[in-house]
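For reference, the structure is listed below as structure tokens.
Note that the chains are named A, B, C and D in the order they appear, and that numbering of residues resets to 1 at the start of each chain.
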Amino acid sequence: MTMRLVRTELVDSREILPGQWLQSFLAPELSSGSRAGQFVHARTGDLSGLVLRRPFSINTADPATGVITIHFRTIGRGTEWFTRLRPGDTVEMLGPLGRPFEVDPRSRHLLLIAGGLGMAGVRSLADEAINHGRQVTLLFGAASARDVYPSSLLPDEVEYVIATDDGSVGHKGFVTELVPDYEGWADQAFACGPAPMLAALARIAEGRRERLGVAKLGRKRGVGKPDVVGSTAARRKAFLQVSMEQNMGCAVGACLGCVIMGTNGVPQRVCREGPVFAAEEVAWESGW
Amino acid sequence: MSPADLSVDLGRGLVLPNPILVASGTFGYGIEYGDVVEVDRLGGICCKGTTLQPRIGNITPRVTETPGGMLNSIGLQNPGVDAVVAKYAGTWAGWKTPVIVNVAGESVEDYVEVVQRLEGVSGVAGIELNISCPNVGRGGLQFAIDAGAAGEVTAAVRRATDLPLLVKLSPNVGDVRPIARAIADAGADALTAINTLSGIALAPSRRKPLLGNIYGGLSGPAIKPVALRIVYEVSQVVDIPVVAIGGVTELADVLDFLAVGAVAVQVGTAIFADPTLPVRLVDELTDECERRGIASYAELVGTALPPKPGAPSSKGVEYRP
Amino acid sequence: MSPADLSVDLGRGLVLPNPILVASGTFGYGIEYGDVVEVDRLGGICCKGTTLQPRIGNITPRVTETPGGMLNSIGLQNPGVDAVVAKYAGTWAGWKTPVIVNVAGESVEDYVEVVQRLEGVSGVAGIELNISCPNVGRGGLQFAIDAGAAGEVTAAVRRATDLPLLVKLSPNVGDVRPIARAIADAGADALTAINTLSGIALAPSRRKPLLGNIYGGLSGPAIKPVALRIVYEVSQVVDIPVVAIGGVTELADVLDFLAVGAVAVQVGTAIFADPTLPVRLVDELTDECERRGIASYAELVGTALPPKPGAPSSKGVEYRP
Amino acid sequence: MTMRLVRTELVDSREILPGQWLQSFLAPELSSGSRAGQFVHARTGDLSGLVLRRPFSINTADPATGVITIHFRTIGRGTEWFTRLRPGDTVEMLGPLGRPFEVDPRSRHLLLIAGGLGMAGVRSLADEAINHGRQVTLLFGAASARDVYPSSLLPDEVEYVIATDDGSVGHKGFVTELVPDYEGWADQAFACGPAPMLAALARIAEGRRERLGVAKLGRKRGVGKPDVVGSTAARRKAFLQVSMEQNMGCAVGACLGCVIMGTNGVPQRVCREGPVFAAEEVAWESGW
């Protein structure tokens, strides 16, 4: 679906974890036209003094009710402004934006990896995959038990595995440490979270072919012509797809504010070529 | 009554259908906003700054919000003039809205060379010189902060092209008027004002500046009083048209800039919050003219200017006798 | 743990109990806010600009709000240095909080004369030179926009007084660093930065500027990125302490200014919205030090500065290579 | 009462006339300590982007309920922001500020003159005067019938006389034209409204002694030592007291933003020496 400006109405707003909010908006145009991995650019109010929109992943989208949700942490004035909204208030959203996760049609087992608020980035892929009859394991990392996303908010079909930095629940350590256990099982992996976590996953994914001996999917013809950075094919064939973040101005590709460096040496717009990239497309060591 | 005449003549044949343009760097090459914006209803489009060679721009982060504004340090990322012409000029040629190519360079020769490659290209309606760039030839000093350098680059480009030539002023100067005069004298067809103010923001760690490039340009409503002041000052010292930019978010801002002598207005940062704003401003300006019963929006231009040149603001700013 | 050390030595015996001051022109003579503000808990008070002769100031309106900021054109209304001393110095002498007299003039002689009358007056802890005034002797050019004139007035005042001497920088310049250096070389004990940006607003009729004086000074959160940039630049080129001003509204702003090298911070416009802010900032800064387990707030100073002088921002602003 | 910072709570908000709002706030500290003519400096919300407070006259103050009201017209972002408030929202007010109207103890007949929103400036003096057993005539001027302050919002005891520019109700013409009819009856007059109206009233008041032959009150000893500009005595003795407006920064006398020119050649702070001045204290022709 092409992007549009959509006038949405807040129908529910809840603080589901300390400083983390789940908000539901009536937005039929977005609930049915968007795909997992895409995001909205939401406008703050006219009398708020804020001049930029704020990007949020489409956390869930329910075409039946016309409702989409966003899940965010309050970190500054913008997110704080959103927490003041009350049911009935309207928010104008630009969306759906960016390129979605691309699941290879052959993939049966999907590994989702979320760090903290990265949950919002992969959450809707869980719904989408289950609707398509795929198996989903979701690895989730947080600082502590109090920050753990409630399993009640996930579809029952999802296998939910938790890691906490302090070990207060689940595996004690980084969520990335859980990945080796699922690497062999997974046909593809999809991750969202802090940049260092994604970079670590990219390193793991790189050594995967060697470690496992086979790549279940991916470039069958060996070192054939690499897919163009930013292409749908590049993502669909990738074992690991990551959802990236960058500060954004326009969110439509016009301002060049949101780039990350691509392995082809050309800056890639997170809002347009991304936010989902194949791990191989991102120049992790570039310092950008 | 037929709708008021909104057309603007910027000189050398560049006639805009209306005085609402979109500012360089905030509207890409005109295509990015897709169906969300009715591009054909804009008065003009200034495309992203274009250089001779491709540039990958500055390291990220490149943008952040500030109170009532934003900082950007894109660093002129662009594919180079030849690629810009190859990729976009064909599309532009099919539009009713004139596209003005914003041009940047590091030496007089750079500017001249870029402009020569734009000369005669169908779809390119004019040039806007972004002179807020370091002048490599003069040891890194910006063209924009020195009347001599500003006049020199303008004159060189003027000799190289018959395209309508706009030159964009920087607010990061003590007194903008001598610079504006030098540019006008060197043959520019119009001035645009203002570019961004130099500012910084810090990373949350406070161990370094937030923007990869350290410094960024401040834009948005926060800078409007400064932009209004500069347009007010410049309109009084040059005879060529002035196009205003800086913090426009609503019709009242457009009317303010017209009142201090601008013949047209560019919308920049506000597009990010409200992409349909520029087109809506065209409608609102039409309505405003009708409400006032005036046949041309030109009657709104210059109403707040003094009869003769006012006292210069740099003589005392707010603290003068 | 005992509370962190917040005291600041600005040189020549001027030691502030903490680094949170109130800015000149926004806190009158310290008495106007009455019981609403615990004046004795402030780090310092800069009083309204004081001149040799009484001044009635500019015609009204004198203030208006702008997006994220405000414009003022008070025009240095004040009863003259002798009346200031007679009316307020006695009260000041009884306060724990040092009062710094902000001094303005139209010639070097003006400044010197005012400062001489403040010399030795009990209750006067220091001088802050507001040099954003037109230099009548130099044909109206501001002292603040010229390194030579800024150095000259500083040197003359330095010779005339043993009072701690702060000099306040204007942001309305191309490059502030040579000016800062000239002032430091001329013997100032500290720099304060920044004064307001020159701007205008229009009357609702759009037939004239809104402020009676046409031009006003822009202050408030809108200018914070500019102030932060200037403090960042200046701290890297002078060895004397820098006191930051411009758009402080919360602790995060104080921490930002400290991080770019300021040893103290003044709160101006924000007082109008939140008179208790400065005192609250003192508490919040104390808490912040405790939270971080540091013995002195001085550890927060300069954390965002590069190891050696950074590239100058005027070389390219945001559009450099 | 000395000023303080008071946390008030909105209890009622109504658009009583097109674009004109009446808002009630629970503020016991202000309802009992303030006097007619004083004002509050009300803070807009933290996330509003507005940096200055907004001054409003204390329209009514009811010590019994602890409620004060303000009555304002939406003209810009600040007043618009206030209209968005909902019951339960808090607003921080600095007040009571400025000097009140001073009624000479001997005055029996008070003439109140209000132009448009000037009503809010004199409204509370009507209550105060009636409580003290005085007679009150209120002359009110507006553009048209639709802008006329509802008589139901005034105490019954007030004689309410209306003028409209278009004659759609009451006298056709300026409210100042009604004054001569009441000049002789009135012991003192108190006005609030647009500056030109106040200047016109000042001119009328100036010729009053000559026209009426006597001044009922005022300087009994003829041309004695004039009272100091800004003094309580100067106001108490004046036939005409006016409530002035100026854009304000601090509202406590610190910034010198709000001055008007006094007849003594010294700028007078509207927030501190005013907002109420004796007509004789104001240099009407100064152009300030």
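By our rule, a contact is a pair of C-beta atoms (placed from the backbone, for glycine too) under 8 Å apart; a residue touches a chain by one contact, two chains touch by 3 or more.
No experiment lies behind these values; they were computed from the predicted model shown.
Using the contact definition stated above, find the chains touching both chain B and chain D.
Output, common partners of chain B and chain D: A, C.
Compute the distance, rounded to whole Å, between the mean C-alpha positions of chain C and chain D.
So the centre of chain C lies 37 Å away from the centre of chain D.
On a C-alpha centroid basis, what's the spacing between chain A and chain C, in Å?
Distance between chain centres: 46 Å.
Between chain A and chain D, what is the separation of their C-alpha centroids in Å?
Roughly 58 Å separates the two chain centres.
Among all residues of chain D, which ones touch two or more of the remaining chains?
Within chain D, the residues that touch at least two other chains are 49-50, 77.
Could you list which residues of chain B touch at least two other chains?
Within chain B, residues 67-69, 72, 74, 220-221 contact more than one other chain.
Could you tell me which shape the graph of touching chains takes: line, ring, star, complete or other?
ring
What's the complete list of touching chain pairs for this entry?
A-B, A-D, B-C, C-D
Name, in rising order, each residue of chain C that touches chain D in their complex.
Contact set of chain C toward chain D: 25-28, 32-36, 48, 56-57, 59-65, 67-70, 72, 74, 77, 212, 220-221, 269-276.
So in the complex, the part of chain C that touches chain B is made up of which residues?
Interface residues on the chain C side: 49, 55, 58, 66-69, 71-76, 104, 106, 130, 132-134, 140-142, 145, 170, 172-175, 195-203, 206-209, 213-218, 220-226, 228-229, 232, 247, 249, 255-256, 259-260, 300, 303-304, 306, 310-321.
Which residues of chain D touch chain A in their complex?
Going by the criterion above, the answer is residues 47-50, 77, 80-81, 84.
Can you tell me which positions in chain A touch chain B when the two form their complex?
2-5, 43-44, 49-53, 77-78, 94, 246-261, 265-267, 272, 287-288
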